[in-house]
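Pasting the structures in now, so scroll down.
Shared between the two complexes below is chain A, which pairs with chain B and chain C, respectively.
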Partner chain A sequence: MRFLISLAWKNLSRYRKRTIITASAIAVGIGIYIFFDAWLLGAELDSERNLIWYETSSIRIMDSQYWEEQERLPLDRVVENPEVVIKMVEEMNIPAVPRIRFGGEVIFYKDPYEQDGGVPVQFIAIDPERDDRVFPMKQTLESGKYLKSGKMEIMIGSWFAEDIGAEVGYPLTIVTRTRDGFFQTIDVEIAGIINCPNPMINNGTIFIPMDVANNYLQMEGGVTEMDMSLPLQADVEKTAQHIEERLEEKGINNLVAKTWKDLAQDYLAIAVQKRAGSNIMLLLVFIIAAVGVSNTMLMAIYERVRELGMMRALGMKDSQIRIAFILEAGGIGFIGSVAGTIFGSLIVYLFSTLGIDYSWIFKNMNVGYRLTGVMYTVWNPEVVITAFIVGIVISMLIAYIPTRRALKMQITDCLRNE
Partner chain B sequence: MITLREVKKNYQAGETIVKALRGVSLDVDQGEFLSIAGPSGSGKTTLLNLIGCIDKADSGVIKIDKEDVDKLDKNELALFRRRKLGFVFQTFNLIPVLTAKENVAFALHLLNLSKNEIEERTMSLLKEVGLEGMEDRLPSRLSGGQQQRVAIARALVKKPAIVLADEPTANLDSDTGRAILELMEEMNKKHTTTFIFSTHDQMVMEFAHRLVQLHDGQITKDERRN
Partner chain C sequence: MSYFKALAYKIKQILGGIKMKKLFISIFIFFSPAAVLMGITPEEILERMLENQVHDTARIEGKMIIQDRFGKKTVTFVSWSRGEDNALIEFTSKYEAGQKILRNEDELYLYFPDAEEVIRLQGAALRQSVLGSDFSYEDMTGEKDLLDSYKVTLLGSEEVDGHDCYKLQLEAVSRNVPYPREILWVDKELFIYRKVHKFSLSGRLLKEMRITRFTRQNGKVIPVELLMEDKMKKNSSTEFIIQKIEIGIPIPEEKFSLRELTW
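Now for the complex of A and B:
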């Protein structure tokens, strides 16, 4: 065995050029794999954070009927006395805020706008005094001011503002229905424009003060939801269950507590699909590297058919010859894997500090990720180790096929080979 | 030592069947220095391949060192060749990435000998074939004659019963060829190893102690000379 290893090693160093070229192919494959994975993981984590911070919060409490019918944003399925629930949750040391979510349309007119128009949007009424305990929207304010209770003002996303040509101070008319289903119009002014890293918010959600919405929608203190914030690593399922138990203890059984995972099933479905898609891309990368190795091993073996014949004539067993070639390929795989993991890790490191700016992609294309600006790669040691091992193992497996074919030849035919 | 009885071998070349050996019978004793001579295509290589157990006869009996080699399977044959047979090829067939010493040691590594014994036997054989001082050279830095000397050392180092050499001098100039044959003769005497070599060269035949003439797959002459 020792001498087979040494033979393989000598062949590798003797055919240096070939070794380097093939190992480079593997290295590039593995490097891309590692980088790609870190990039995806970064996107996923960023995306999840932006989803939780700006869109779903960690856990949302709603009326169970509201949860069933949430697509149509029903205002008749509300939580009547949110403060009781909020107090209870805050006693568990979880920040919680009320919100009213409703559908409608904004109407705008020529001057100051370029032209007349109307756009259907989703409205969220927030309590300006405490909403930022859960949603860090204040930090994303790009121009103007944050909302204030009692003011007929709204806050909109910067992309939406750009779409309709709105600026701070412009008027807008909201057309919606009250809790009882009557049409209602609200004239408001744009107080602030936010640049939210969650494109869903930035593209068409309008924020309005809670008391204004309460008045105009005749909510009588009712809200559609209460959102709470947990640390990103927290076990949200367990906490949600815990909250439901506590609600039940208090005799409140018309409410449900849903986690961000329940709330963003569409996002999670897309994320799974995307992972499958990127796995296919990674597979392609591997196939390219594998083709490189198989080509090299094919050449290496066919170049040496006579040498192989000699070895067999001298009494080397097929299994030993197989091992010799597999070790040789494994050596190439090893060199490529070492170089590839170093190369991949370096670019991951580079982009984990520099970041990749691709706001332009997400502005013009809705790809489902809750991402906007600069994104950072995230290092995943598990994948690096996997890539390393896979690089070696695949190289070895690939050498097996041409070796087996060469071993099927008669020894006499091998020896006659030119 | 070697017994062949009515050995036949055909090759299929497209539509036609080539009768390479048409019933060869031959007995070879321990320590003989025998040449199989004949023109190109007469069946020399085929015969050596059968004795060398790297090919199978279509019919007939082949016994080597009392072993009925027709009855051995692939792995048993490999082990048999490993222990009993040495090969010298027309094209030398050294492993290009190994030095002279390592090429010779290769045959011993297959026998799982101790490191010391491998080293000892390798060095002493390289000395015998006149390559002292060149042990660490790669084949590419050796002349054809020197490479063939390494090959002879590789064949002999495991102390085989028989060394088979298919046209061992065909790729060498006549002086070098002569020197190789002298070396083989010397080794035959010293180690009492049976040597069987094929040739179509008159000069080479002169060296043989026994000359077997092959023609169209049949033995036409078998003479001993001293």
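Now for the complex of A and C:
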């Protein structure tokens, strides 16, 4: 065995050019695979974080009937005494804030806008004094100022502002319905423009002070939801269940606590499909790399059929020759995998700090991810180790097939092979 | 108080012998708009107007011309109705062909032939626009309860396009109506509304509806062309045109059944 290992090593160093070219093909394949995986994982994790931080929160408490009809944003299915529930949740050391979510249309007119128009949007009434306990929206303020209670002002996303040609200080009219269903119009001014990393918020959600909404929508203190913030790694299902139990203990049976996974079922369904798509993409990258490796390995072995014949003529057993060639291929795979892992890790490191700006894609196309611009790669050690091992194993497997074929030939044919 | 006493004394002196109580009643009646308008109550005006709009049975062929900032779209339909409670509308235009709306009392059902599915509309879903027009599904259910849902006040008399009209104000007493306040100009002679203004809770004019043409049939004055304009948006209107109307024709009860909807 020692002899075979030594022979394989000698062959590797003897055919240096071939070794370098073949190992480079493996390195590029493995490097690209590691980078793609890190890029897709980064997008997924960033997207999930942006979904929780800016859209769903970790857990949301709402009326059970509101939950059933939430797509229609019904204002008549509300939580009447939000402060009682918020106090209860805060006693569990979980920050919670009330919100009113409602649908409507914003109407704007020529001068100061470029043209007249109306756009259906979703509105969220927030308590400006405490909303940032759960949603870090304040940090995303790009221009103007954050909302203030009692002011007839709104805050809009930068993409939406750009679409309608709005700037800070511009007036808008909101057409919506009150809790009982009366048509209502609210004249407001744009106080601030936010640049939120979540495109759903940046593209069509308008924030308004809670007391203004409460007054104009005749909510009588009722809210549609209470949102809670937990660390990203927290067991949200368990906490939601615990909250529901506490609510029941207090005799509040009409409320439900839903996790971000319940709230973003469409997103998760898309994410599963995306993951399947990503796996196909990774498989393609893998196949391309494998074909490259196998091609060079095949060429490397076929051009050495005469050498193989000579080894057999000198009395070396077929099994020994096979092992020697497989070990040689494994050596090439090892060199390629080491280089590929270093190459892939370097690119991952580079883009985990610099990021890749995809805002031009996300702005004009809803790709499902909750990302607005820069995507960062995320280091995935599991995939790096797997790619490293697979690089070696594949090289060895691919070497087996042509070696086997060459060994089936007559020794004289091998020696005559050109 | 002394001022009124002095005034009463003066009037008594002038008119000589007319009893004070009778005088005050006369003054009140003189300044009351209802009296000016020949003693008819606002509720009666509204009832007479609704009589022209509700038929025992009716079959209508018509179209809606919907205009928004993207352009104009024409939707044709055939409808059958029985009294205030039952109506079936079937759309016949190319892109909407086979879509149906069934109203049975306060229940509204939609049928989409492509999906072969019947959807019951309720709650917030009733607020959706009918095929992108300025009419919502709740506009189709609301009118029959007008007198139950609104307090009617006669504001006076005004001319609309040269027609003398009663000016009625409707203020919502029920919370299940979309518009908290409406002003109707009802033709004094024909008892059809010439113009309707619909306001938001803040008092902003949202929609204006005008009758531009009517016809007479079976002793009734039936509006056949009306225009609904969204006053919040420029270039947003819906023209509702009745091309053919037959009233008092026999319509089987099954026409308004859920089974008929899926046929």
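Just so we're on the same page, the second predicted complex is superposed on the first by the 401 of 418 C-alpha atoms of A that agree within 3 Å, B and C clash if a C-alpha of one lies under 4 Å from a C-alpha of the other, contacts with A are read in each partner's own complex, and residues count from 1 in each chain.
The criterion applied here is as follows: a residue touches a chain if its C-beta (ideal position, glycine included) is under 8 Å from a C-beta of that chain, and two chains touch if they have at least 3 such contacts.
All of these numbers come straight from a predicted model, not from anything done at the bench.
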### Query
When the two structures are overlaid on chain A, which partner does A:180 contact: first (chain B), second (chain C), both, or neither?
second
### Task
Considering only touches as defined above, state whether A:408 meets chain B (first), chain C (second), both or neither.
neither
### Query
Between chain B (first) and chain C (second), which does A:72 come into contact with in this model arrangement: first, second, both, or neither?
second
### Query
A:16 contacts which: chain B (first), chain C (second), both, neither?
neither
### Query
Who does A:306 touch here: chain B (first), chain C (second), both, or neither?
first
### Task
Could you say whether A:314 touches chain B, chain C, both of them, or neither, answering first, second, both or neither?
first
### Residue ranges of chain C touching chain A (in the complex, touch as defined)
69, 123-125, 127, 172, 175-180, 198-202, 204, 206, 232-234
### Contact footprint of chain B on chain A as seen in their complex
3, 7, 10-11, 13-14, 306-307, 309-318, 320, 410-412, 415
### Task
Provide the residue numbers of chain B that touch chain A in the complex, in ascending order.
49, 52, 54-55, 74-75, 78-83, 85, 87, 89, 91, 93, 95-98, 106-107, 109-110, 154
### chain C contact footprint on chain A (complex, rising order)
69, 72-74, 76, 107, 116-118, 173, 175, 177-178, 180-186, 216, 218
